[in-house]
Structure formats: C-alpha cells, structure tokens
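Pasting a structure here, questions to come.
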Amino acid sequence: MFELGVVYRNIVRTDRHIADAFGPLGSATVHEAMGRVGLLAPYMRPIQRGAQVSGSAVTVLLHPGDNWMMHVVAEQIQPGDIVVAAITAECTDGYFGDLLATSFQARGARALVIDAGVRDIKTLNEMAFPVWSKAVSSKGCIKETLGSVNIPVVCAGMLIHPGDVIVADDDGIVCVPRARASETLKAALAREANEGEKREKLASGVLGLDMYSMREPLAKKGLKYID
Amino acid sequence: MFELGVVYRNIVRTDRHIADAFGPLGSATVHEAMGRVGLLAPYMRPIQRGAQVSGSAVTVLLHPGDNWMMHVVAEQIQPGDIVVAAITAECTDGYFGDLLATSFQARGARALVIDAGVRDIKTLNEMAFPVWSKAVSSKGCIKETLGSVNIPVVCAGMLIHPGDVIVADDDGIVCVPRARASETLKAALAREANEGEKREKLASGVLGLDMYSMREPLAKKGLKYID
Amino acid sequence: MFELGVVYRNIVRTDRHIADAFGPLGSATVHEAMGRVGLLAPYMRPIQRGAQVSGSAVTVLLHPGDNWMMHVVAEQIQPGDIVVAAITAECTDGYFGDLLATSFQARGARALVIDAGVRDIKTLNEMAFPVWSKAVSSKGCIKETLGSVNIPVVCAGMLIHPGDVIVADDDGIVCVPRARASETLKAALAREANEGEKREKLASGVLGLDMYSMREPLAKKGLKYID
Amino acid sequence: MFELGVVYRNIVRTDRHIADAFGPLGSATVHEAMGRVGLLAPYMRPIQRGAQVSGSAVTVLLHPGDNWMMHVVAEQIQPGDIVVAAITAECTDGYFGDLLATSFQARGARALVIDAGVRDIKTLNEMAFPVWSKAVSSKGCIKETLGSVNIPVVCAGMLIHPGDVIVADDDGIVCVPRARASETLKAALAREANEGEKREKLASGVLGLDMYSMREPLAKKGLKYID
Amino acid sequence: MFELGVVYRNIVRTDRHIADAFGPLGSATVHEAMGRVGLLAPYMRPIQRGAQVSGSAVTVLLHPGDNWMMHVVAEQIQPGDIVVAAITAECTDGYFGDLLATSFQARGARALVIDAGVRDIKTLNEMAFPVWSKAVSSKGCIKETLGSVNIPVVCAGMLIHPGDVIVADDDGIVCVPRARASETLKAALAREANEGEKREKLASGVLGLDMYSMREPLAKKGLKYID
Amino acid sequence: MFELGVVYRNIVRTDRHIADAFGPLGSATVHEAMGRVGLLAPYMRPIQRGAQVSGSAVTVLLHPGDNWMMHVVAEQIQPGDIVVAAITAECTDGYFGDLLATSFQARGARALVIDAGVRDIKTLNEMAFPVWSKAVSSKGCIKETLGSVNIPVVCAGMLIHPGDVIVADDDGIVCVPRARASETLKAALAREANEGEKREKLASGVLGLDMYSMREPLAKKGLKYID
C-alpha cells in the first residue's frame, strides 16, 4: 500500500488450470475451504447477477477520483486474469466504463473487482464483462496522479497479492493466496463432493439435526424443549 | 430477547386461512390497515424480486456468526410457516444457503426473513425459496452456542411473537400480531376494494386534489398559488 | 429551501427539443460535458434497471413522512416533465406508489426522482413508470403539512431549479441548469461522436496508453516499470 | 410496538433497592452477568461523558418528528425512573431539550434513553441530567399524533418492558428484565468481587495467559509459537 | 453549484448587528423561529464543544481532496464572517488545519463550517477557532483544481447563499437567508422571552400537559389511560 | 490475513529512537511526509482526546466476538510497543477493557489501535492508557478460536506489518513501514521546521495566496474575480 509509481511486469500467477478450477465451486465453498478467511467485505456487489468467475489477480492501486492507472494496468493483463483495483481512500466515483471494459476484454481479462464505483453499467451488461464494485456512479475520473500496478493492495478490507486467485459470484468475493491455491482447491472439491447427497437427504425430509448428529451436542449444551 | 437455550414446541399460530389471505394484499396495504405500525426496517431487502408471501411466524434467535439454531428451528416448521431469524447483535454473515433452504422447503416453510446475511443466492433463486435479508455474504457460520426457538424476537427493529402473521413483498415486511390478524385482514380488504376505481379515475386524468377533496384543506392551511 | 406553502404555476422549462435530446446520451456523458458537476449523490438508485430518460424538472419540497404535496405537484406536470422531490430532512418512507404513478403518468410525467422511499414497486415496473429513489419502503405518509412546488430544491445533495434538465439512467442522475442546457447538449454530442471509433480501436487491442498518448506524461511523472 | 393511544398508569417497577444497586456495577459487568444479552445497539452514546446510572424503565413510544407523548410520559415518572423512548421509524430529530429536562428532573427522573436525537445539550450538561441518544439535532418536533406510554417497546434493537432495569454508562446501555433483576444483581456483584485482585496481579506483570490458565487450551487448539 | 473558477468579491452581507444577535439565541431557537427549515444535516458536529456563534456566510466550493480555494476564500473574509465550505462530492479529507486557521483568524473569521474533514484539531482547540465539520482526518489535500468563492452552495444538504446568516452551536447549524434575517431574529427573540418563566414553572413540578393545555386535545385524539 | 494459529515471537522492530521521534510530529505531518499514504480510515477515533503517541507495531488478528488472542499478544509486548488489533470481519464488540489495559500497561505497551470496540472507557481514561477504536461497546467477547500474533494485518483499511511505526493523535493514525521509517522521519522533521515561521506570517495578516505565490497559477488555471 506504500510504493507509488511502480509497475511490476513479471508477476508469478497461480497455475492457470488451478486458478480456473475455482470458478464453478463458488465463493462460499472456497471461503469454507480456506478455513473461513479471505473474504472481501460484503458491501462489494456484482453488477451482473449470475456471473461466476475465477482467475489470477492483477492488482492496481489508484487515488480517489483518478483512474489514470487503469490504462496502465490494462497492458499488464493476460488472458484469464482478474483485475483487482484498490483506492488509497474511500471513493465512489465511476473509475471504469464501457471503453475500459472493451480494452480489458480485448486483453483477455475475465472480470474486474473494484473498491469504488463504475459506470456505463447497461453496456457492461450487454458486453457480459463481469464487475464487482462498491458503487455505481456517473462521476468520471481525472488522470493526474501515479498509483502502482502489481503491488500488494488492500481491497474491500482484504490483502491481495498479484497472482493470488480471486473467486467471485453472487455471494461475494474470496482471495486465495497463490501458495495455498492447490491445497484449497482440493479442500473445496472435497466439500463439494458430498453436497449432492446431503441435499437429497434434506429434500426427503431428513433433518440436519439428525444428518449432522446435532441432538446430543445440543442437549449437552443445555438446550431444553418445552411443550 | 432474553431466554437462551429454549425451544417452544407448541405455539399458537394464526388461523391458516387468515394468515394466507394477507399475501395478495401486500405489505403496503397491510401496513396502512394496521394504522401504520408493524413495519420492519427498510434495510431488509428481497433476494428474489417479485416474491409476495404471508404466513405464521416461527421465530429463532441466533448469535453473531453462529447458525446452529437454524437446524433446530427447521424441526419446528409446519407447512405455511415463515421463519423469522433475529441475531443478538449486528451481523452480516451468511446464515442460510442452499442446504438449509432445501430442508426448510421440505418442511413446508414458505419463506425466510433474517436480520443478517444469506448465501447461495443463485441456487435460492433456482429453488424459488423466497428470502428477505439484510445482506448477502459468502461467510459461513459456526455451530457453537445456543439461541432459542419460538420466543419473542426483535427482527429489523420490530418485535415479533411466534404465531404472528408476516407479510412480505418487494416493498418490505410487515408483522401483524396474531390477536389483531382478523380485524387487520378486514381493514386491508376494505382498503383494497376501492383501489381499482380510484386508479381508473386517476388514469382518466382526474387529479387526487379533486378526487380526495384536498383543495379546501390545502387552502385553509394557507397554500398560495403564484402565476 | 425556505419558502413553504407556495406553488409556482408558470415556470420556464428548458426547450422541449433540447431537454429530450439528452436522454440517449446518458448521465455519464452529460456529467463529463458539464465539466464534471451536477451529479446527484450515488445513493440514488433506479427502481427499474435499464430506464433512461431526460426532461424538464418540476420540483416539490415535502416534509418527512408527509406526501400531501405530491398531489399538488401532480397538477403542475406537463408532458415530458420529470418530477424532482426533495424532503426537508432525511426520510425513507414510501411517498409514492401505484395510484400517484397512475396520476403522474396520466399528466404526461416521464419519471420521478425522489430523495426518499417509494412503494408498490412491482406495479411501478408493470406500469413502466421510471423512478429513481433513495429507498423502498411500505411505510405510507400522512397529509398534514404544506411544502412547496416549483421552488429551487436540494435533492440528493444537488441544487435543482424548476425547468432545469434532468438526465437519469442506470449510472445515476445529472442536473443541467436551463441556462446551460444548449451548450451542454452540444458538448455532450461532441463527446459521443468519437466514442464509436475509440471503442473499435480498443476492441482491436490498441491500448489506451497509446491511443491517448499517455506513455510520455506517465514517464514524466516518474512511473517506473520493473521486470 | 402495536398498541397506540394508551397510557398504562400502574406498572410494576423493579424493587428500588435492587434497581439502584446496578448503577455502580456498570453496563459491561451487568451485560456479562446477564449471559451477554440485553445490550442496546452501540450507536447509542452518552451526551455527558462519565454519567453512570440505573433505574426502572418508564417507556414511551413516539412517531417520527412528533414528541407530544414526551409530555404524557412526564406525568408517569416516579423518583428513580429512567425514561426509555422508542420511535416507530428511524429519526434523528431533537425530541428533548432543556424544558422537558427541567420537567423530567422535577418529577425525579434519573435519566433519558432515546433512540432519536436531543438538543440543548449545553444546558443538559449544566443541569447534569444524563441522556443517552442516537443523535444530536436542533430540529424540533410537532405535537400531532398519539403514541403510547408504558407498553413494551423496541429501543435501539432491544425489547424493553416498563419496570425493567436500565443500566447505562460510558460503555453503553443494558436492559435487565424485572423478573431477572435479583439473580442478575447477585451474579454481577460476584463478578465484581474478584476484579480488584485480578487487576493487582495483572499490574504486577502476571499474564492473563497464566492467571486464566489459557496456555493449555490454546495449545490444544493448535496455537504454534515461531521464533 | 455549477459555476466553477469564479470569485465574487462584493457580496451583500446581512447587517452586522442583526447577524451577531443570533448567536446567543442558539440553533434550536432560531430553527423553530424559521418555521423549522434551514437546518444543516445533523452529521455536522462541532470540533469544540461549547462554542456558539453567528455571522454572515462567505461561501467556497471545493473539489474532493483539493483545498486550493481555501486560500482564495481567505482573502474575501471580513471580520465577523463565517466561512461555509461545500465539496462537489462526498469527501472526509482534512481540508483545514492550524495554518489556515491562523490565516482565517487573522482576517477576522469567526468560524468555519465544512462538509468534509479537518485536522490539527488539538491546535484548533488551543486557538479557540470554532469549527463544525463532518469528519476529522489527517489526510491533507492537493492544490490543483479551481472551485468558486461566494456562489450559492449546498452544504450538508442545505442551500446557502453568501451573506446569509449562519447560527451554530452544540446542537447543530442553521442557515437564515439574508432577506429573512430581520423577521427571524424578532421571532426568535420572542420565543426566547418566555422560556425563563416556563422553565421555572416546570421546575416547580407543573406538568407540560397542564402548562400547554394538552389534556383536552390528547383526549380528543383518543388517548386512553388504563389503571 | 491468512495464517491462523501462529505467534511470531521474534519480530524486527523499528529502532526505538526513530519510532519514538515520530510522536511529537503528529499524524498529519507524518502522513504528508509519507507522500500522503499510510493513513488508517478516519472512522478510527481516540478514546482519550489529546493523546499523541508513536511506537513499533505488535499485531494481532482476531475473530468477530472473540478476544482470546488479546491475552496471547500481551506476552509479546515490549516497552514502547503499540498493539494493532485487526478483526477478520466487521465487529463492534468490546474486545478490551480495564483488566487487559492493566496487563498491557504492565508490559510497557504505549497504546492500542483496534478496528472494533472497547469498553471500561472511564477507567481507561483514569489509567491514561491511550486507545484508538472504531466503537465503544459493553459487549464482551468469548475465548474460543485462534487468530494470530505478529503477522501482517489489515486494520481500518491499511496493511500493517509487525515492527512498522504507528503514529496516532486526535487527527488519526498513520502507519510508517519499518524500511521507510528513517527517511520519513527526516522528511517530517523538515516539514515541521518551517511551520513556525509560516504561522507567524499568516498571523500577521499575510495571505497564503501571497506566501505560497498562488496568484499566478490560479490565474493561469482561469480563476476570475468579479466585483
């Protein structure tokens, strides 16, 4: 969060096969698999309901009201990347619209996660370029001050390093550190595996109380039933 | 709000025919019919736009970040019930997802109203299980501490007793106390009755100023027209 | 914001052809063309996603929890107008529902912008009457106190005079003062003109860095690339 | 929260000796003694730093922007009471100033807890009449609509019955239900008893890790020390 | 709110004797005397508790994060003025600290009202230069973009013209338009006149119910007492 | 933010002489000297007005509602340290009171910075142990789950490594990375050096416009004066 005016060109991304495999699992399952850490603040909301993606983070740090570095980060995008944009102070301005989305999409970016506002959201929907943001605002930005690209950033309260995996869907956004991506993917796949069976049981009327053997621990804690 | 570790099994619900009759009237009409009380705070928002339901409240009190009692309340659901979940302190965690929804739906629950977060909202939409919540969050919960089921709770600023009628739609959520359900239903139906005629008049260009005879009281209060 | 109990009947609207021409340009383009002023606070959100309108402002000032003046302003609406409703203090009550919408639509109103809550939003959607508001709430209003119609008001932080142009879409709401409408329209059309070409270039992979000749000014500011 | 236009004159207060004994213990100790329930939302803040009181609740329910019932509740105050004021919807208006404070003080009220705004706070300080509120605002109120006195109310998210004990200080406000006052007082006194000894130990450099024998349970949970 | 890059040097201030006479009356009394309009949003809070001032407004419009115009407005200050600073978008940065306060004080400014942040608040206290602000922040500002001086501005939701009277104290801030200053002062003095007598009566135990003859209108509205 | 259940015992602190030298300079001056980065969010407020400190950060990551690790971090404190506490999700509970303060003070801690709530604030004031927090709350914490000590944390939106310098006063909190502490101290001292002279000039009536030679650049940007 401190180094300004620097662009790191050669970041180590998470292996593409691993990064891509998180998408279908979704943010809730991955968050559980991480040990319940890594979640960005829930004020971050999808512009397009139903979008679900994963990819390696390319990070950018910007100043309030200034989106100059969005053009700088565009050049550093590789296919499958997700751009993560952090701001040095609270801001809801519209940093990103249809032109930047066109450029990001042309570079192969999979999505944008930004702790600020975006605009042209009707066109973003038509382009099917997924965005998670804190706000929507017509207010555009100036191009005056330097931030940085591919330094560690704090976005929506979470520390994100370039190359970490970002998993985003309707429920929220999770960051999986690159070093833990492989083990987390395994844990998440394991969680996913027996969900179908559980759902079937619950649909047939079996209670979670019984399926998870909760009655005894609840009684031990002192739960009383009163008729 | 004070009794912890207790499950009341035999609550008196509002008569099913009465509870069900509120749904088509909607929260705004019912709120007016109540004398403009009973509304939950407007930060509660529907996960599914367009859902409109009513039913008897089954209540559950939970602790921040702990959804254990959601499994306990599931067993107390009867067909047509709406589960009302209150938390002992502010929390946006995801207390409820597709598995619990499957269980609630299997028990006949009509909807969930929760003063916290939910997750798996894409699946909730596909399942058509209506939810009103304060937040959406991937963050799951632990299962450590006892709350209570079917005690009076404060949800989104409103006191709700088990067996009260809950009316929820795109506009918000209203609680009708069981003892006042019958009279409120009559008042709400009466309000509804002449809405069609009013709408027709207004559509034809008649002004509310004339239809409601407001010109004289406005003049009495001193309203001045300046050309 | 100070004169209460007054209705100005003869306001000077922006020329209809000019006011109508802003709609297709959208709030972001118009905001830029204004020199980046005139935007209402971004907490104002559309009830109907996708609506995009412009028109002359007819203003109304109301008190918290009291929507009496909404009936008074209805009479002052002319086809193509957008009603702008301000409140003397913070309020989220539902000032506007299907009946008032029917009346406004019958008078030719194009939209409502209100710094408070609305209700009956399912019906508003069916009627296709566009609304931008701060909140949704079932809570209705009383009819007790006088406000004013067609005085200058502060709505969502922006000063709006009757007859100013309002431009609203998914991105937000901009107010263009009547005296600046013509010059702003020209500037906005000019901005719009070369957007298509830019988009094409960016889609082909040309970077904004090159298209806008940013590399040199960035280097001058001291941007460093590190491999 | 539902009965409007009613004043209950004969409420059962908590025994005065018990109610008064909570004050010196403070809200944090009492909250713990209650099993960590009963706390009003932490947005409630003292107008006078350093005030610390307890007493039986006399409740009043008011409408947004209308303080008429404050005069009605004044008559129901007995020496040692704390007035608890709830509003039917969110409001920051100044419901209470120096004149009402003079009247409350003359009746023997010990404090006011209000889920809205107050004003004349300089004079309130000079009068040494303690107030806990959500806001400070010069905005006065009208006197038009009926609320109720001494019905159960929801204040800052907590259900409060007339006669319950209110404990308030710089840390916040706790409600102790009348039926649990005696047992809670005992538990709170017990907690208080050994605080002095603990403080002395900690001041001498003994760690909580050792004083509370936490090292073993922490190790069991897997805590690792890395040099 | 629209004209940028302009400094109006010759504004018409409210007569100094009138402007100064509002101070001792306080914001609550003046707000009532205005007919309960003119109040700035209650999120504005005094940096120094106990300060109470009035004076003619000198206005300045600034951009987020840019305090250049604070130096421009300094030159326009005359003894007894209160500087009112508005920002074109939400911002909490520290626009004002000890150096600017020294300059303002040297020019005879009586206070600052700013819809943003300030810093050096320890020194501001030592200097006894009163400030009302939305936030406190160490974050300084750049000096890059032009705003305006002495144009009408919207500050904390209220429209303020240069030369209007500002009244500020612990309870909040009220704007009295210049044209209404004389009549408002009279009305406020009249309100103040009989406060002492009322306070004495209430202190002696007379109830507001009787002093204001409220019992009959309350009964007419249907208030019921239950023993 | 990801490693749970770990305590790093041997962190490299900033040189004590350097860390201590920041205190008298204050957060605003240091923030400017850093190039206007490093500031924690302005919602962090001092419990004791007037406190001004600096020191090396000892960090602790906790879970919502669980303050177990506060006892673990106590053991890692060395004289002159400032404890920085981050929470894995938003929480206002009271993590810290008089007993922990006694222990921290006995270990030589200089202050606590916590992105959550504290309690016993009356005693904290009497003890003169400075605290900066997001909230005040009577609500205590459980001791159930492991966090970590002396890992990098995100506190109030800022990334803080153990050993970084924390500078806190009435204006806010700044983090100076250990590697930049020496150079930042020099820059801050340089800024401070000529403040006295500036203040004297401004106090004598010299305008910032002239002292900083702003008239020409303002004119170049197009500022117009209108009489």
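Residue numbering begins at 1 within each chain, and the chains themselves are lettered A, B, C, D, E and F in the order written.
By our rule, a residue touches a chain if its C-beta (ideal position, glycine included) is under 8 Å from a C-beta of that chain, and two chains touch if they have at least 3 such contacts.
Since we're looking at a predicted model, the values are computed, not measured.
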{"item": "Other chains in touch with both chain C and chain E", "value": "A, D"}
{"item": "Fraction-based call for chain F against chain A, same above half, different below", "value": "same"}
{"item": "Computed distance of Cα centres, chain D from chain A, in Å", "value": "41"}
{"item": "Distance from chain F to chain E - Cα centre to Cα centre, in angstrom", "value": "31"}
{"item": "Chain centre separation (chain B, chain F; CA means) in Å", "value": "43"}
{"item": "Residue list for chain D, restricted to those that touch at least two other chains", "value": "36, 39, 89-90, 92, 139, 145"}
{"item": "Chains grouped in pairs wherever the two touch, ordered by label", "value": "A-B, A-C, A-E, A-F, B-C, B-D, B-F, C-D, C-E, D-E, D-F, E-F"}
{"item": "Of chain D, residues touching chain E in the complex", "value": "5-10, 68, 70-72, 74-75, 92, 94, 97-100, 102-103, 105-107, 117, 119-122, 135-140, 143, 145-146"}
{"item": "Residues of chain A touching chain E in the complex", "value": "63-65, 89-93, 139, 144"}
{"item": "Contacting residues of chain F [partner chain E, same complex]", "value": "26-28, 30-32, 36, 39, 42, 45, 50, 52, 169-174, 195, 198-199, 202-205, 207-209, 212, 214, 218, 221-227"}
{"item": "Residue ranges of chain D touching chain B (in the complex, touch as defined)", "value": "1-2, 4, 34-39, 41, 88-90, 152, 154, 157-159, 177, 180"}
